[in-house]
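Presented sequentially are two complexes of chain A, the first with chain B as partner and the second with chain C.
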Partner chain A sequence: MTDPTRRPLITGIGITAPNGLGTQAYWSATLDGKSGLGRITRFDADRYPVRIAGEVTEFDDTEHVPSRLAVQTDHWTHLGLTAADMALRDAGIDPAAHPEYQMAVVTASSSGGTEFGQREIEKLWTRGPSYVGVYQSIAWFYAATTGQISIRHGMRGPCGVICTEQAGGLDAAAHARRLLTTGTTMVVTGGTDASLCPYGLVAQLSTGLLSTRDDPERAYLPFDTDACGYVPGEGGAMLILEHPATARARDAHPYGAIAGYAATFDPRPHPGHPPTTNLHRTITLALDDARTTPDQIDVVFADAHGHPAHDRAEAQAITTVFGPHAVPVTAPKTMTGRLYAGGAALDLATALLAIRDGVIPPTTGVRAADPACEIDLVRATPRDGPVRNALIIARGHGGFNAAMVVTTP
Partner chain B sequence: MNTTTTRPATRHRPGTPRPRPTRRGRRVVITGIGVTAPGGIGTPAFWDLLTAGRTATRTITLFDPTGFRSRIAAECDYDPTTHGLTPQQIRRMDRAAQLGVTAAREALTDSGITHDAIPPERRATTIGSAVGCTMGLEQEYLVLSDRGRHWLVDPDYRVPQLYGYMAPSTIATEIAWTADAQGPAALISTGCTAGLDAIGHGYQLIRDGSADAAIAGATDAPISPITVACFDAIKATSPANDDPQHASRPFDLDRNGFVLGEGAAILILEERTTALRRDAHIYAEIAGFATRSNAYHMTGLKPDGREMAEAIRTTLHQARLDPADIHYINAHGSGTRQNDRHETAAFKDALGHHAYTTPVSSIKSMIGHSLGAIGSIEAAACALAITHNVIPPTANLTTPDPECDLDYVPRTARTATVDTVLTVGSGFGGFQTAMLLTRHHHRGGHHD
Partner chain C sequence: MTTFTLDDMRQIMTGCAGVPDSVDLTGDIGDLTFTDLGYDSLAVLEMAARIQQRLDIPIPDDAVGEMKTPQAAVDYVNRRLTG
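And now, the complex of A and B:
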């Protein structure tokens, strides 16, 4: 992506986040420091060690998804379909007027239709095989959201589904960017996730990385001396990625452009040895791909895992590339929790809004920054100032690293 | 960069747009194959089964299938211990990951790639899977819910690997670790086209310079009650429980659904000049890859095969090849009523009258349909077909369906010149994928 005029443009954003449904609601909540974390309401979580999560409580599945489609799909897909609708509307795209094979859908998924799957598997084991519903085969699997968006909007181009856990949002957008170089002109990309059902939550507990604190304001504190893990969330974002030529031809109003990207994988950890990461190499490769130097980056949206060792590793990667306290770093996901496949997609959308409005949203809740993390963390309130280039960092459980540079259109 | 072609321009069909010159630049070859499939573990056993036309479909043994509509499957006789997995690896990994790691080890050994030739940071990992670690997820659910008794499942019985079962990306993690790969890594999960799409993803990463090699392939181990039940519910699988060996009948008049399978195949993809420099054995070159969606129905197929035909045409354009150049088509051939008709129409649409003279076969007749894995297993079969100049047959094809009127290589393998192979996949979500493999020529060749 050396030629700026050939950079793919983001022309539409749709957000389903715990602290705001729709871009406007999410963005004003985020700038106001309003959190969407709270006690789990989707089921009785009293007996579980984790009772706080980021739920999209405003979202009414039946209101946003036609009933015939709603019964065939999981809550995760409902959030994805809704975000895709919002993004297309925002971009001013009428899919019916677009060449069918030039439109594609690439979404990230991290755990599929967990709640739907738990209901069907319960029917199987309590009532028998013939009670498993006809939609289990298409609602549970990881491709459900991409397939349903493609069908709903008549998008017949090269569709894809990427699973790299929390890094998926960036990897999906990067794959979408690749498609724009081979004949596709518009891609719906991003990700959502929703694993806040009992089995989904217990599966997440098994990593030991979730926060068990009951106070939503103190549960997820990345880069803080009091960091104690992360809070899970649901939702995410969908974006419209367009070829610059077609976007300009239709006078689209882009939020920004993807300037660079890289992905790596960490070496296998060895017991007794400190883990090593390729995160700083990922950042360097993404900056190289964008033909951007560290001093041109105005903000870093951190992965901000919330586990002290992971936070320090990330801070070290950032300072290795930028120097200590050399670039503003933020993690507004303290207000949403970690959204898995939706997380990096939402960070990407947030970075574009920061570019549009010249403001860096805050990392709420952090009071005592961990001195081992030598970063300039934007805390408590937003920081004004032009944002021309933003770097987004994402890591997926098991070793996935991704970094993306977005820039003014 | 080479921009000329020895192929005369007149090879392009009049009236068709001039193909995009996607064959310029970096080229991608296959230098290693590993297959863990029903009927025998390892590539030699796999190829023996296919060329003998034997079937590996049988009554399910992985669980008691009493009470299910379809009680048959193609299972791997696989014991992770005999394939060198350690007790901790076995505990940690779902069967899908185990099958994948075993296939990856075989492929890595077969290719002989070294750290000197391709350092870890230049190795990508692109692994397909349709349903990930369903087997582990279901087994652990049974414990946590006490066989479905508790919607609020019991957290005290959770195992440390449970999250790894829920997030299928852990399969890619295990395979990346096996290959010491530290370049881009991803699990691709486009349902039943995931196996081809994952190889296509690796191909694209090498072509665009993101990596010099890719550990690319797919794995699935879906023979568990919930997966069998979900296909029962939509009557997609064959109920021919009394005659499992002859149950998978692609293109046959008496076909009545697919037979579920399991397995894995991993290919080592390499940038061509790197492979040539280290004098690697090259099975084949990937000459084209395209995917399209029907945007029609999550499981239903229109009979015209229109989007699959479009994907095939696109790969031919990329490869600068004509329909007449294709020597063999490895079909999706799942054996459902609608698929085989859909696909036959797609071949006719894309290849015109050449469809009638090009051998087509479905190895699902022998090893079943292993969902996301099968596309990679079929790509492995295609590379072997080129290597051996042998076309594997469609087993069980005894009564031709008048609606399926192509040459499906019934029951017996065929010796023939196989320089160019088309392989296709079709899956839930409406995804249609096509890939072209060609014999690799060390010098010259039509694109040098």
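And now, the complex of A and C:
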């Protein structure tokens, strides 16, 4: 991506987040420091060790998804279909007016349709195999959201799904960028997740990294001396990535461009040895890909895991590249929880909104910054820009690292 | 229950496969094909499964394939109930 005019443009954003449904609602809540974390309501979580989550409580599935489609799909797909609709409307794109094989869908997925799956598995246990609905066959699997968006809008280009846990949103957008070099002109990309059912939550608990605190204001405190794990959330974001020539030809109003990206894996942990990470190398490679130097980055959207060791590893990666306290770092996901496949997609959308409005959204809740994390954390209130280049960092459970640089259009 | 009516069929359809956008299911739908009504083969398979459970009658896959319209499904079920 040496020539800035060839950078793919993001021309539409759709957001379904715990602290706001729709881009405007989410962005104003985020700048106001309004959190979407609260007690789990989708099921009775009293007997589970994790009882706080970020739920998209304003979202009524039946209001946003047509009945025929709703019965065949999981809540996670409903959130994805809705975000995709919002993004297309925002971009001013009528898919019917575009060549179907030049439009593609690439989303991130982390859990698949766990809530739908749990319902069907319960029927299997209690009543027998013939009571399991036929739509289980298509609702649970990772590619379901991509597939349903593709079918609904007649987008028959090279579609796909990427499963790299919380790194997925960036990896999907990077794959979308790749597709734009081989004949595709427009891609719906991003990701959502919704795994707040007993089955989905228990699967997450096995990592031991989730917060078990009951106070939503103290449950997720990345980079704080009181950090105690992370809060899970649901929702995410979809974005429209367009070839610059096509976007300019139709007079689109881009939020920004993807300037660079890199992904690495961490080595398998060896018992008795300290863990190592390639995160700083990921950042350096993404900056190189963007032909950008560290001093040109105006803000870093951190992965902000919330587990003390992981926070310190990330802070160290940032300071290795930028120097201590040298670049503003923020984690607005303190207001949504970690959204898995939706998390990095939402951070990507948030970074573009920060560029548009020249303001860095805050990290909420942090009172006593961990002195071992030598970063300039934007806390409590937003900080004024300008924001020309933003770096987004994302890590996925199991060793996935991704970093992306977005820039003014 | 001795007979299976078109209203019973409507209930099964909306209950397990949802309501299509383009068609009024309360209207005269008996002889429209499921495809025209917006239900694909998977949806018809699901309807057949629910009918079998509700009425406790077996419906072989071949018979499901022959149920092209809601009325055809109703007629098939009634033949099984009386036969």
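Worth a mention:
One rule holds in what follows: the second predicted complex is superposed on the first by the 409 of 409 C-alpha atoms of A that agree within 3 Å, B and C clash if a C-alpha of one lies under 4 Å from a C-alpha of the other, contacts with A are read in each partner's own complex, and residues count from 1 in each chain.
FYI, a residue touches a chain if its C-beta (ideal position, glycine included) is under 8 Å from a C-beta of that chain, and two chains touch if they have at least 3 such contacts.
This one's a predicted model, so the numbers in the text were calculated from it and none came from an experiment.
Residue contacts after overlaying the shared chain place A:Ala70 against chain C, while chain B stays out of touching range. Of the two partner chains placed by superposition, A:Pro232 touches none, neither chain B nor chain C. Contact with chain B, but none with chain C, is seen for A:Arg178 once the two complexes are overlaid on the shared chain.
Within the superposed three-chain model, A:Asn278 lies in touch with chain B and out of touch with chain C [touch as defined at top]. Of the two partner chains placed by the overlay, only chain B lies in contact with A:Ala144; chain C stays clear of it. In the superposition on chain A, A:Pro222 makes contact with neither chain B nor chain C.
Contacts of A:Gly190 after superposition on the shared chain: neither chain B nor chain C is touched. Of the two partner chains placed by the overlay, chain B and chain C both lie in contact with A:Val134. Touching more residues of chain A than its counterpart among chain B and chain C is B.
Shared interface residues of chain A, touching chain B in one complex and chain C in the other, are 72, 130, 133-134, 137-138.
Across the complex, chain A meets chain C through its residues 66-72, 130-131, 133-135, 137-138. Interface residues of chain C, counted against chain A in their complex, comprise 14, 16-21, 38-39, 42-43, 45-46, 49, 52-53. Of all residues in chain A, only 43-44, 47-49, 72, 100-101, 104-105, 109-112, 114, 117-118, 120-122, 124-126, 128-130, 132-134, 136-138, 140-144, 146-148, 150-151, 153-165, 168, 171, 175, 178, 181-183, 195, 198-200, 202-208, 262-268, 278, 281, 340, 396-400 touch chain B in the complex they form.
Within the complex formed with chain A, the chain B residues making contact are 20, 22, 67-69, 120-121, 125, 130-132, 137-138, 141-142, 144-145, 147-149, 151-155, 158-170, 172-173, 176-177, 180-191, 194, 197, 201, 204, 208, 210, 225-226, 228-234, 236, 290-299, 307, 310, 427-431.
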